[in-house]
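So, here's a batch of structures to check.
Both of the next two complexes hold chain A, though its partner changes from chain B to chain C.
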Partner chain A sequence: MTQAPLSVDRIRRAVSALPTTRHEDWKYTDLSSAIDISTRWLQEDVSRAPDAASPQAIAALTAAVDADWIVIENGVPDPSSFPEGGDIGIERLRHAEALADDPLARLNSALQRDALRIEINAATEKPLGILIIDEALSGAQVSQATIDIEVAPGCDAEIIEYHSSSGDGDHYSNSAVTLHIGESAKAAYVRIQDRDLKHVQTARFAIELDTDSELQMAGYDLGGGLIRNDVDVNLAKPGASANFNGLYLAGDDQHIDNHTRVDHRVGPASSSQEYRGILNGRCRCVWNGKAVVHEGADGTDARQANHNLLLSDKAEIDAKPELEIYADDVKCAHGTTVGQLDEAAIFYLRTRGLDQRAAQQLLTHAFAAGFVNRAPVAASREAVTALVEARLSTLVREAIS
Partner chain B sequence: MLEIKNLQSRIGDTEILHGLSLSVNVGEVHAIMGPNGSGKSTLAQVVAGHEDHVVTGGEVLFNGSDLLQLAPEERAREGIFLGFQYPVEIPGVNNAYLLKAAVNAKRQHQGLGEIDAFEFLKLAREKMAALGMDPKFLNRGVNEGFSGGEKKRNEILQMAMLEPKLAILDETDSGLDIDALKAVAEGVNALRRPDRAIVLVTHYQRLLDYIEPDHVHVLSGGRIVRSGDKSLALELEEKGYDWVREAASA
Partner chain C sequence: MTAENLESLVNRRYEHGFVTDIATESLPPGLNEDVVRAISARKQEPEFMLEWRLQAYRQWLEMKEPEWAHIHYPPIDFDAISYYAAPKSDDDRPKSLDEVDPKLLETYDKLGIPLHERARLAGVAVDAVFDSVSVATTFKEKLYEAGVIFCSFSEAVREHPELVQKYLGSVVPRRDNFYAALNSAVFSDGSFVYIPKGVRCPMELSTYFRINAANTGQFERTLIIADEDSHVSYLEGCTAPMRDENQLHAAVVELVALEGAEIKYSTVQNWYPGDENGVGGIYNFVTKRGDCRGANSKISWTQVETGSAITWKYPSCLLRGENSVGEFYSVAVANNWQQADTGTKMIHIGANTRSTIVSKGISAGHAQNAYRGLVKVMPQAHGARNHTQCDSLLIGKQCGAHTFPYMEIKNPSAKIEHEATTSKISADQLFYCRQRGISEEDAVNMIVNGFCKEVFKELPMEFAVEAQALLNVSLEGAVG
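Take a look at the complex of A and B:
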């Protein structure tokens, strides 16, 4: 398939329309670096081939989890990685429907030349893995993934979305993923974001749940210089249940922003989310969880929680739960906490012979432990554990030294 | 084994210990009694190395060497165990994991290899059975959701696994019903050995009905004002702490 040509003018317009911090939803997250990278990339030849990711890197990442992997390299799906026949249907599209009418969706649309539509029609032996890998060796580069996923009614699907990037160049990715979970279907979904510590990502994930369907999702933000994730969950059919959690680990110079929005349009339906963050050094994280219970959505159960552990006094967190309730018979709960490691617990562990560092490490890992052990896709747990442990160990080492 | 000479300490701007001296020999069980605020728990915390307590004078020797130079974990590895009055709950850290990490920290200090996983489990189960603890506590978060009695048993379990040279048990009897108190006391008695010293810090004489001390000291105003044998505890119970305060100020 030949790729759709890009319109530089259209991209330029979309970039210039990106939100600034004057916009309420972008108050804490400044997209200047995304605009700068995009502008420099547009000044060069946008049609030039991007840097290739190393086959070894791809092999190592896909070997980490026993899954059927689809590889999207610098925004371009690799057809040789598509599973053949069977219960997963894959179609390459020149253009997918725009997700939402917002500036990032318009930019995604302007940048689109190769979108994927994935249909999961029956439970598969192995989870479906989607590796989104970007390489930027020098200069400024922009690439993105656009994926529509459809889980057929009654089907049990397991999906892993893994974002990775490397290279000394500047990179910006603006991906858009939609997931539709059919009637009485179940989706277990793991998102891992392990980008280079200088790279920039904005990612929108729009999920729609059909009658009696279920979502179990966990996201892990381990890398990235500037990361903004928007998760939109639409509960428009009765009996649906969406449970999604997120863990973000941030060190010096990282900015990780998780914005979630759940729309309860009918009842009964339930949603619950818990985000946890471990922050060290000069970094900033944002969690903004919005739940809207629309008129008539009686029988709604919406819960949200955000807990943060600050290992450094230079780390900053903006935690903002937002509930808008326009129905009567609803259960809603939210809670946020921000704290440091418990000194009493550190002393207790030291009196048992663990040194200061081991005690801090143990307590920090304990803060994340439940999230790692409960990763919804069982096949991903070992890899998730290894990635989280590795990143945490670095953060704790930096915090103590 | 433990030699405390003229120890003075403060926390923040408040002076707590005012020239406390105490000598504990190997194989002995000492009881430190005293009214609230007399400095009992401070003494336990200073010996264990809590950094909020600043030692402003005096010395503490453990088997002849300066204990105050050591970090809390070094003291633990040298064989000092503090049983907490309020054991800390640590969700997310498995009880078995902590026990094993503690045992291994000590073994490493002694130049031994890590304990074999099977051997560890066998040992832990034995010690738990002796303390009347359900083995399921091994897989729970450290003290997470434990009752008062379960927490204190868990402290004694840690002590049993770590085999300290000197154990300081801070208000091990507080908040326990009679069955839990007996179980904890039996656990402590089982750990009495000629090569180990135990210091019981307690407000009430009750614990000493079950663990018989060799020496009893009364602490008041940050120093030991009276020492004697176990009959001193009974005398205290009868006459109350005011008697000691009066005697001290006389």
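Take a look at the complex of A and C:
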């Protein structure tokens, strides 16, 4: 299949329309590095072939979890990786419809050369893995993935979305993924973001739940220089339930922003989300959770929680749990905490013979542990644990030394 | 008497919209430098005050109306407003309580307002209210003995210009926001309080205020300075329904607490909220900020907001001094078509600063009630502590309750907690009460009062009782 040609003018317009920090939803996240990378990339020849990721890297990443992997390399799906026949249908599209009418969706639309539509028609033996890998050896590069996933009614689906990038160049990725969970279907979804510590990502994940369907999702942000995730959950049919969690680990020069929005359009339906962050070094994390209970959505149960552990005096957390409620028969609650390790807990461990460092490490790992154990796709737990432990060890070592 | 009766009664004064009967003393509608000069001249203000107003006016011209709040209203025509109206002459007022609408008196009765205050609240000509004059004189003497300065803002500008010049705009700068700038240019009057070092103000200034408050106009300006180790409790407004011909209100309140000082500022706001169809009602855009300038100082805001068609108000604390404390206790009730966007800001600057936020929002009818708050911990604010609790109660299917809390934390030793819940009065609760012989209306009142208890207990005693009654009146007809 030939790829759709890119219109430089259209991309340029979309880049110039990206939001600034004067925009309420972007108050804490400055996209100027994304704009800078895009602009430099546009000045070069946008049609030139992107740098290739090493096959060894791809092999190593896909070997970590026992799944059927689809590989999207620098925005281009690799057809040889598509599973053949069976219960998963994959179609390459020249263009997928934009998700929402917002500046990033318009940029995604302008940058689309290729899009994937994945249909999961029955439960599969292994989970479906989607590896989005970007390579930027030098200069400035932009690539993205656009994926629509459909989970058929009554089907149990397990999906892993893994973002990885490497290279000394600058890279910006603006991916868009939609997930539609059919009636009485169930989706377990794990998102891992482990980009190079200089690279920039904006990612929108829009989920729509049908009657009596269920979502179990967890996201892990381990890498990236500037990361902005938007998760939109749309509960438009009764009986749906969405449970999603996120863990973000940030060290020096990282900026990780998680924005979530849940729309309860009818009741009864429930949503619950919990995000946890561990921050160390000169970094900034943002969590903005919004639940909107629309008029008539009686029987809504919406919960939000956000807990942050600050290990450095150069770290900043900006948290904003929002509720907009237009119905009265609802249960809504949110809780947010920011703090450091409990002195009493450290003391307790020290009285049991652990030294200061071991005590701090133990407690920090414990703060994240519950999230790792609960990764919805069982096959991914081992890999997630290894990644989180590795990142945490580096972070905590830096915190103590 | 029902809420509708009360509203139709209050509403009568609003039939002609913005327009006041232009007394000879009023300035024509519109705002320009000449108007600002005229206001300043009429108040016989010193030169520095005029200059300050003019600069504010010029800054205001460059500013835009804020649009971020969760409120909707038609654009305000700032040139259609008259920015100065002399207080009403006694000839226009009722001569005694006998001439006042009995319905209004009935409301006073429900609210439990003391007899001697009713006349003033109903707008009876001042010299007819002989009772209170003598009380006021006694109070004045007591305050004078303690060295407390408590007077109208105009008087302070003339009598204590050095204090005014030193502190005015030091907490809320002229160009702080659109409405603060407007207020700075054209403020009508307000209160000025100065508590000298080590003095504990001998009485709740509230009591005095209620008896003596003059017609302060639509652009109120209040400045309270508590010098080292002093203490003052101040109450603004009252529970009685407040009538006013001016639809736009933009007040500014500045509090300064020096080392070891404590200011307790309580507000009961019950301006006309508009009728049951959302017509009319006061637009209340208020900037209130307290500055805990000294170590160990404390500023506490308590507010009961039941009135106004639109409330836009965020009483804040700048916690500069080490160990300083900020508190915000709020009950905001929105019924019918009222819209409230209110909350607080706690800015932790000094070490070991603490703040508490308790916000209770009640929405009924078609009202929209939003809590918007900011807790900010600066990098140097070691050991900062905040606890926020914001709860919403929904009564009815068409209303909305929203929370927009912002937390910006730049210090790892900070401990920040935020909790919010939303609930409605459940059928179970009502059934339980009714089963025990309590009428539905009483049951609702009881549940609502229980919901607000944490805030009411922060109010000065006599107002807590009235505020409770006020809540019942405000929510009349909301359930059932």
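Just so it is clear, the second predicted complex is superposed on the first by the 401 of 401 C-alpha atoms of A that agree within 3 Å, B and C clash if a C-alpha of one lies under 4 Å from a C-alpha of the other, contacts with A are read in each partner's own complex, and residues count from 1 in each chain.
Here is the rule we use: contacts are C-beta pairs under 8 Å (C-beta built on N, C-alpha and C of every residue); 3 or more make two chains touch, one makes a residue touch a chain.
What you see is a predicted model; the values in this text were computed from it and never measured.
Peer 1: For the three-chain model obtained by superposing on chain A, do chain B and chain C clash or fit?
Peer 2: fit
Peer 1: Now for A:Ala369: first (chain B), second (chain C), both, or neither, which partner does it touch?
Peer 2: first
Peer 1: Of the partners chain B and chain C, which touch A:Tyr348 in the superposed model: first, second, both, neither?
Peer 2: A:Tyr348 sits against chain B, while chain C stays out of touch.
Peer 1: For the overlaid complexes, name the partner, chain B or chain C, with more touching residues on chain A.
Peer 2: After superposing on chain A, more of chain A is contacted by C.
Peer 1: Using the superposition on chain A described above, determine whether A:Gln356 touches chain B (first), chain C (second), both, or neither.
Peer 2: After superposition on chain A, A:Gln356 lies in contact with chain B alone.
Peer 1: For A:Ile325, using the defined touch cut-off, is the partner it touches chain B, chain C, both, or neither? Pick first, second, both or neither.
Peer 2: second
Peer 1: Please work out whether A:Glu183 is in contact with chain B alone, chain C alone, both, or neither, and reply first, second, both or neither.
Peer 2: In the superposition, A:Glu183 touches no partner, neither chain B nor chain C.
Peer 1: Is A:Asp30 in contact with chain B, with chain C, with both, or with neither (first, second, both, neither)?
Peer 2: The answer is neither, since A:Asp30 touches no partner chain.
Peer 1: Please indicate which partner A:Asp301 is in contact with in the superposed arrangement: first for chain B, second for chain C, both, or neither.
Peer 2: neither
Peer 1: So after superposition, what is the minimum Cα distance from chain B to chain C, given in Å?
Peer 2: Minimum over all C-alpha pairs: 15 Å.
Peer 1: Which chain A residues are contacted by chain C in one complex and by chain B in the other?
Peer 2: No residue sits in both footprints.
Peer 1: What part of chain C is in contact with chain A in the complex they form?
Peer 2: 68, 70, 379, 392, 394-424
Peer 1: Which part of chain A faces chain B closely enough to touch in the complex?
Peer 2: Against chain B, the touching part of chain A is residues 342, 344-345, 347-356, 358, 362-363, 365-367, 369-370.
Peer 1: What does chain A use to touch chain C in their complex?
Peer 2: Checking each residue of chain A against chain C gives 24, 295-296, 298, 308, 310-340.
Peer 1: Given the complex with chain A, which residues does chain B contribute to the contact?
Peer 2: Against chain A, the touching part of chain B is residues 48-51, 71-73, 75-77, 81-82, 84, 87-88, 90-93, 98, 101-102, 105-106, 109, 158, 162.
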